[in-house]
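Each of the two complexes below includes chain A, the first together with chain B, the second together with chain C.
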Partner chain A sequence: MATHVYVPSDAEYEEVRGQRLLGFLFFLISDCVIFGDFIFSYLYLRNASPVWPPPGIERPYLYLAAVNSIVLFGSGATMHYAMEGMRHARLRQFVWFTVATIVLGSMFLGGQAYEYTHLHDTWSGSTFGASFFTLTGLHGFHVFIGVIFLITVLIQTLRGTYTQQRHFGLTAATLYWHFVDVIWVALFFLFYIY
Partner chain B sequence: MELNLLLKIIALVGAVVVGVVALVALRAEWKKTALEDHVTKIMMVLLALGCAEVILVAFGVWGRT
Partner chain C sequence: MDHNATSATNTGSAVTGGHIHPPPDTFIKKYVFSLDHKVIAVQYFITGGLFFILAGLLAELMRAQLSGPNNHVLSVATYNQAYSVHGSAMVWLVIIPLLTGGFGNLVMPLQIGARDVAFPWLNMISFWLFPPAGILLFASFLYGAPEAGWTEYPPITLQMPFGTSMWCLAIFLIGISATITGLNFLVTIVKMRAPGMTYTRMPLFVWATATTAFLSMIATANLSAALAGLFIARTFHVPFYDVAKGGAPVLWQHVFWFYSHPAVYIMILPAFGLVSEIIPTFVRRPIFGYKMIAYSSAAIGLLSFMVWAHHMFTSGLEHWEQFLFMILTMTIAVPTGIKVFSWVATLWGGKIRLDSPLLFVLGFLSTFTFGGFTGILLASVPVDIHEHASYFVVAHLHYVLFGGSVFGIFAGMYYWWPKMTGRLLDERLAKWHFWLMFISFNATFLPMHWIGLLGMPRRVATYDPVYASTNLFVSISAFVLGASMLLFLYNALRSARKGEVAGPNPWGARTLEWMIPSPAPYYNFKDIPIVLSGPYDYGKPLPYANISQELATVPMH
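This part shows the complex of A and B:
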């Protein structure tokens, strides 16, 4: 028995794409709210404490975090150029920049794992530790999901799922990755600078 | 070379490169008008801001070690 795959027309695709994009942006906004909740909890704890970090607690190592931040920000730039490659039908550019993004994202996770194992504080050790591990852990989980997301869209692209005209999955992956990047801008400031 | 200095140099060079790339990308996106292009512009501005943060840290203006 022959199977028929329905292929929407360009007009139908554009209409559905707009709705999907809006839905995805609402998802990112809801994720912002989740991070916002934790960030305001952290700020509340910080301002309620006379000394911050609490006595006996060291701040995480600033310069390692600065290098790790640049690794993540760099991945945002490579993801942007991967997407530009797809927009201009340059598959090779897309593949290499996406691979670079995946590698940089994984390096960031490695840096974070190193930091966790060398920090003289624990999740239950202090309010600072609880906030730090909760927020950076939540962010690290997002990066991990982002890496999985990128590997998935890379495989889909190599299998021919996306084209120059129809690539909503890639747009979503790019926006998600940029979102993960800019959340780190706030977290880096809060935990390492402020 | 001292580890702190090495990390500062890596962070500074990386931040300048990524910051410039983000601003160039922002300039290229500037005239595009689709919804995702506007979101990308915001993201690029914030990315450049993140690089500025790291540059200030590398110069010792911001952050306590």
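This part shows the complex of A and C:
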């Protein structure tokens, strides 16, 4: 079959971009609800328990998580500079800052894996472990998906899929990455500070 | 084109109408993995219809068991499985997919003058999550189907065999599917309305679909999370609901009902919407209180998030919580009442044409309003504590979900069948279907109110012999009710073979879907129409520009 790629006009592109952007924002809202459900469960169980954490359960180590948080927030900053590069058609800036974001995201996942293997509490051990591993696991899964997402759009950029004007895929990846950052702020506060 | 039309271009959203792809050329692309919203709607109708038959047969089995006080048609365990799967299937595999997936897909893009939904590919995925979910749910009978009712409260759920995990997965898939559909529809309605179609010129069915889509997007995402939580609690012994490890079974009731109360409105708002379409068409006058009907949909949508704990009055809430949720729940009667009064005011003094869609709407109005009244009774804490888990609740629920949603589904089916298939249904059979269904419905569920008030508990396979004669009457009525569905099935098959050709606008309606041929062509609109005013001004010229004139003339019956 002959392949003919249809190139939409600027007006058509803008219309489709608006639809996709709204759709992606709605997806992030519904994703927020999923985190919200488990956060509600955590607060409910915490409220139902006379002492918190439950007796015999130690809180996870704050400083490791703090370092890990800085790594993740740093990746938010590099992501921002990557997109600045794309907006000003500086391809090298985009590529290297995206690579930095991918590396920092992977480091965060490594830190989380280290934390998981050095905790005494387990998923099925207590209500704290139940909430902790479910929520941070769900978040870690999101970071993992985000890393895959970034690798994909990086390859697509190198193959010339995106231009300075037309790069919705990159916008979506950026939004998703910042969203995952913001969720981590809530989780960090709930599990390590509050 | 006059200057009105040009200025109207700025108020709607869609400008180009999108790029036109060539129509699919293979059977698979055309009918199986179709991207066309009209084909996907038919897929929902057929799949949902099959599940409707299965869920209905389960109900008939239950009524056979209950026709005598100590029957042995079903074992006690099988009876528990039957009502659990019947409830789950009716909610998630029949009413929600038919109203949102079916009518939403079939009608909404046509009514806003769009060529398809915003993300046709997501629409296809959303449909294809639905049959596997249904198969999982019904296949759970092979592995010990769930026995804790459609609400599946722990701790008993944690002790059940693998069938309950299948239930979790099935409803999880439905949750994802409904969330995707909600997102897709909301983007479509916000971004793809024809030029000139402002929010207050949208047909009321679109308003209802938008509210439903919002609820699906928010509440159903929560359902998926809740189901994932129950699944990991069962499979990996994560102690969310395990009292021994500090968990709380009541937590499940909170997260479940935080979805399932909005779900009640996901199941009724589209029916409200299609009632608002059908009434003006068959009384030939503008809908009374357009804006009030539209905004009351939104009000119901918002309020529905604030009433979930009225399902938990006997689960140990604080008194102030009971009082708060009682008041909030009763508040919902206000926007709902606004709708009912507006519909009655539209009917008042109109030239009523009693065709089958309007008959079903009138059936809907009477039975749903009655169910609404018992709803207010159940919302008040003292009554609810007395009536909780009795047949009174079963009666109330079937008056709103069968008398409301299922009557609404049939009203919409008789109304939009010509648009979907291009052929008419037999009107005489339709009227027989209505009267048989209406009478046997009331004969089935009305007596349940009294036996419930007398104290007969729900979800039990046997009962005190004092209720025997009423239950026998209910069972016989339920068999007639089931048989009445065969009339529709026969009518549909007959219409497909030798139904009269409908033409573009058999009812003389004014919304955009009737301005194009029946069935709608692949791209719906040759040119994107331009909307000049609202759709219900009967007696005035049609408010559209840019549509072909020979179709736009409204025939007079």
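The rule is simple: the second predicted complex is superposed on the first by the 192 of 194 C-alpha atoms of A that agree within 3 Å, B and C clash if a C-alpha of one lies under 4 Å from a C-alpha of the other, contacts with A are read in each partner's own complex, and residues count from 1 in each chain.
Simple rule for what comes next: contacts are C-beta pairs under 8 Å (C-beta built on N, C-alpha and C of every residue); 3 or more make two chains touch, one makes a residue touch a chain.
Quick caveat, the model's predicted, so the values are computed rather than measured.
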item: Chain A as common anchor, with chain B and chain C clashing or fitting; value: fit
item: Partner chain(s) touched by A:Thr127 [first = chain B, second = chain C, both, neither]; value: second
item: First (chain B), second (chain C), both or neither touched by A:Gly74; value: first
item: Touching partner for A:Phe179 - first (chain B), second (chain C), both, neither; value: first
item: Which of chain B and chain C A:Gln19 touches, first, second, both or neither; value: second
item: Partner chain in contact with A:Ile29 - chain B first, chain C second, else both or neither; value: second
item: Partner chain in contact with A:Tyr44 - chain B first, chain C second, else both or neither; value: second
item: After superposition on chain A, the shortest CA separation from chain B to chain C (Å); value: 14
item: Footprint overlap on chain A, comparing chain B with chain C; value: 18, 22
item: Residues of chain A defined as touching chain B within the complex; value: 18, 21-22, 25, 59, 61-64, 66-67, 69-71, 73-74, 76-77, 80-81, 171, 174-175, 178-179, 181-182, 184-185, 188-189, 192-193
item: Touch list for chain C against partner chain A, complex; value: 14-16, 18-19, 118-119, 179, 182-184, 186-187, 190-192, 217-218, 220-222, 224-226, 229, 232, 236-240, 245-248, 251, 254-255, 258
item: Chain A residues touching chain C - in the complex, by the definition given at the top; value: 6, 8-9, 11-12, 15-16, 18-19, 22-23, 26-27, 29-31, 33-34, 36-38, 40-41, 44-45, 48-49, 54, 123-127, 130, 133-134
item: In the complex with chain A, residue positions of chain B that touch it; value: 3-4, 7-8, 10-11, 14-15, 17-18, 21-22, 25, 35-36, 39-40, 43-44, 46-47, 49-51, 53-54, 57-58, 62-65
